[in-house]
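Note that subunit A is present in both complexes that follow, paired respectively with subunit B and with subunit C.
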Partner chain A sequence: MIQKLVSILLVEDDEVDVMNVKRAFSKNNIKNELFVAGNGVEALDMLRNVINPLPKIIILDINMPKMNGIEFLKEMRADENLKNISVFVMTTSNEDSDKINAYNLNVAGYILKPLSFEKFLSSVATLKNFWSLCEM
Partner chain B sequence: MTNSNILYIDSCKTAIDDAKTALLKVEVQSNLYFSESYADAWQMLSGENTLTPAPKIVLIAINEIGSEGIELIKKIRKDANLRSLLIFVITSVHDDKNKVAALDLNIAGYFDKPFENHKISEFYTIMNDYWNIIEF
Partner chain C sequence: MEEIERNYKKELEVLKQEYEDFVYIVSHDIKTPMRAISNIATWIEDDLDPSVGGDIISNFNLLKNRVGRLESMMNGLLELSRVNRVELEFYEINIPKIISESIETLEDKENVDFLVINNLSNENVDTLGKKLTRVLNHLITNAVRFNNKEKKEVVIELNETAEAYEIKISDDGPGVPEAVKDKIFSIFYTVNSKDVVDSTGAGLAISSKILQVVGGSIKYETRDTGGSIFTFNWPKTITLKI
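Right, the complex of A and B next:
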């Protein structure tokens, strides 16, 4: 899948984390186009009005202003055009309620952001390998 | 991802044996259960032979054109206790209808079934790495 260079949407409000994802993508040679939205409201707007064709992968933070990750997921799963996009949660939230809510909304994985950049790089490498197997 | 159960359903006994060998080789940190029929698998998820704890990961092989595997996913998604399961579909048939139906049911991944030994080993290594970075 990933070879076909489908686009990826990152929904993340923290600028440092956005930079880390960009660096980790670059170091792992992930060349897919990356769109960035700062919260759920912005992400829905981009999905509905801006990004065409739609991304096949969304990387989603949980704690964000305006509309958090779980609220975004609910809206997205209720939208006929968006409901089948694969979502990978990447967050610092270790709350059980967030994990349960996210899996009830059928995310493909819930990943805790590692504290060190080296570990983060390794998680992104694992994701890249996983995506490369997926038919999307 | 530890102390969990994984259920793998495949009508092909050889594929089950291959998966078992590969998953043991990567030292997967979960109890492995296997079923050669969708009906038996449903009993292991929600019937008389329910696995405890319920598996968090289910791999469903689709080897024939037809809707049996998709029907099982639908049943899982309709069941309040099972709907949050992570479902991975491994298929040996190239049928876009199956793929679209499975993705619409928010599976975590749709994969071509590996057949050669090195591909099988690579496939389960990547899957295991992925399961190890996600939280439940």
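Right, the complex of A and C next:
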């Protein structure tokens, strides 16, 4: 059976965090196409004008310049074409208020960016199990 | 006169808000480069030729350990700065239950004999549940972590008066030297070098701040047979002192 791999959009402003995700993908043998946007404005533009077909998964940082993750989520959920994409929030913020804001905008998961790369690897492995279901 | 007082109050409110914002921003923005250091160290280590000497590997471990310590310190500061926040935190808890949960999560519990003496008639209490749990976790963890005996003993005694719960946690560890007894509630203070016991020195500072906010109290005594006794009072009706 030939599996159709879904593409993934990573919205993240920190270069090392982007490298971190790429490295975790290759270590977990994840071959899905990965698009990267540096902030919410750029991500919306990519979703509306660049990436075709649309990604099924978005991995979203919260603290970003220009348009932060929560603002991006609000705008995305209001857009008929984009509102059904699964979003995983990935952030350093362990604040209850940030978590509640995110869950109120219907996110599929909330990943705390851990200090160690090993822990991040296992979070990404769990994520992969989820989006493999989207590929069936 | 009244106007002066009003102005002071206003100024205090502004300062409090500035302080909260400052801690939040600093701790989040500092975490990003900190994580980068830790991650990049891991990548370099991963990419190294396996034949490199043990010195390099042990230095990488030191580097990662120290960044880890920095992270724990930032988390400690962040927790301390949030002690004043009480939204979403009032709920009912069962005191003996959160104590057994706290014991369950300990890493070294196999080598510890726990004795819980429960004299409570009201085990369930509607209170700042998360904060009481934090205090219990910090004190129980400390009772085990700083104890250098192979077989350790921790006694937890639960008593109550009409107004408050009195919880006493004692251990058979080394205790706190008389000369530094007054310093143990300061943030980041540790009796030994942080290399002897890997600890941040934030737990007691956070616990004592929590007790101050809820209108309780905490004290330290040395046990007759050696070891520490921490006793704290948790009021049944909380009047916030923020």
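Simple rule for what comes next: the second predicted complex is superposed on the first by the 130 of 136 C-alpha atoms of A that agree within 3 Å, B and C clash if a C-alpha of one lies under 4 Å from a C-alpha of the other, contacts with A are read in each partner's own complex, and residues count from 1 in each chain.
By our rule, contacts are C-beta pairs under 8 Å (C-beta built on N, C-alpha and C of every residue); 3 or more make two chains touch, one makes a residue touch a chain.
Predicted model only: the values in this text are computed from it and were never measured.
**Q** Quick one: on subunit A, after the overlay, do subunit B and subunit C clash, or do they fit? Just give me the call.
**A** With subunit A aligned, subunit B clears subunit C, so fit.
**Q** From the CA centre of subunit A, what is the angle out to the CA centres of subunit B and subunit C, nearest 10°?
**A** 80
**Q** Mind working out whether A:Leu133 is in touch with subunit B, subunit C, both or neither, as first, second, both or neither?
**A** first
**Q** Using the touch definition from the top, say if A:Ser7 reaches subunit B (first), subunit C (second), both or neither.
**A** neither
**Q** When both complexes are superposed, which of subunit B and subunit C contacts more residues belonging to subunit A?
**A** So, of the two partners, B touches more residues of subunit A.
**Q** Applying the touch criterion given at the start, work out whether A:Lys99 contacts subunit B, subunit C, both or neither, answering first, second, both or neither.
**A** first
**Q** Counting only touches as set out at the top, which of subunit B and subunit C does A:Lys83 meet: first, second, both, neither?
**A** In the superposition, A:Lys83 touches subunit B alone.
**Q** Would you check which partner chain A:Asn28 touches, where first means subunit B only, second means subunit C only, and both and neither mean what they say?
**A** The answer is neither, since A:Asn28 touches no partner chain.
**Q** Output check: A:Glu118 vs subunit B and subunit C. Expected answer is one of first, second, both, neither. What do you get?
**A** Only subunit C; A:Glu118 stays clear of subunit B.
**Q** Would you check which partner chain A:Gly109 touches, where first means subunit B only, second means subunit C only, and both and neither mean what they say?
**A** A:Gly109 sits against subunit B, while subunit C stays out of touch.
**Q** So after superposition, what is the minimum Cα distance from subunit B to subunit C, given in Å?
**A** Superposition on chain A places subunit B and subunit C at a least C-alpha distance of 10 Å.
**Q** Touching subunit B and also subunit C: which subunit A residues?
**A** Of subunit A, no residue contacts subunit B in one complex and subunit C in the other.
**Q** In the complex formed with subunit B, which residues of subunit A make contact?
**A** These residues of subunit A touch subunit B: 77, 83-84, 86, 94, 99-100, 103-104, 106, 108-112, 123, 126-127, 129-130, 133-136.
**Q** Would you mind writing out the residues of subunit A in touch with subunit C in their complex?
**A** Going by the criterion above, the answer is residues 14, 16-17, 19-20, 23, 63, 92-93, 95-96, 113, 115-118, 120.
**Q** Could you please specify the touching residues of subunit C with respect to subunit A in the complex?
**A** Within the complex, subunit C touches subunit A at residues 24, 28-29, 31-32, 34-36, 38-40, 42-43, 64, 67-68, 71, 88.
**Q** If we count contacts the way the header does, which residues on subunit B are in touch with subunit A in the complex?
**A** Interface residues on subunit B, with respect to subunit A: 77, 83-84, 86, 99, 103-104, 106, 108-112, 123, 126-127, 129-130, 132-136.
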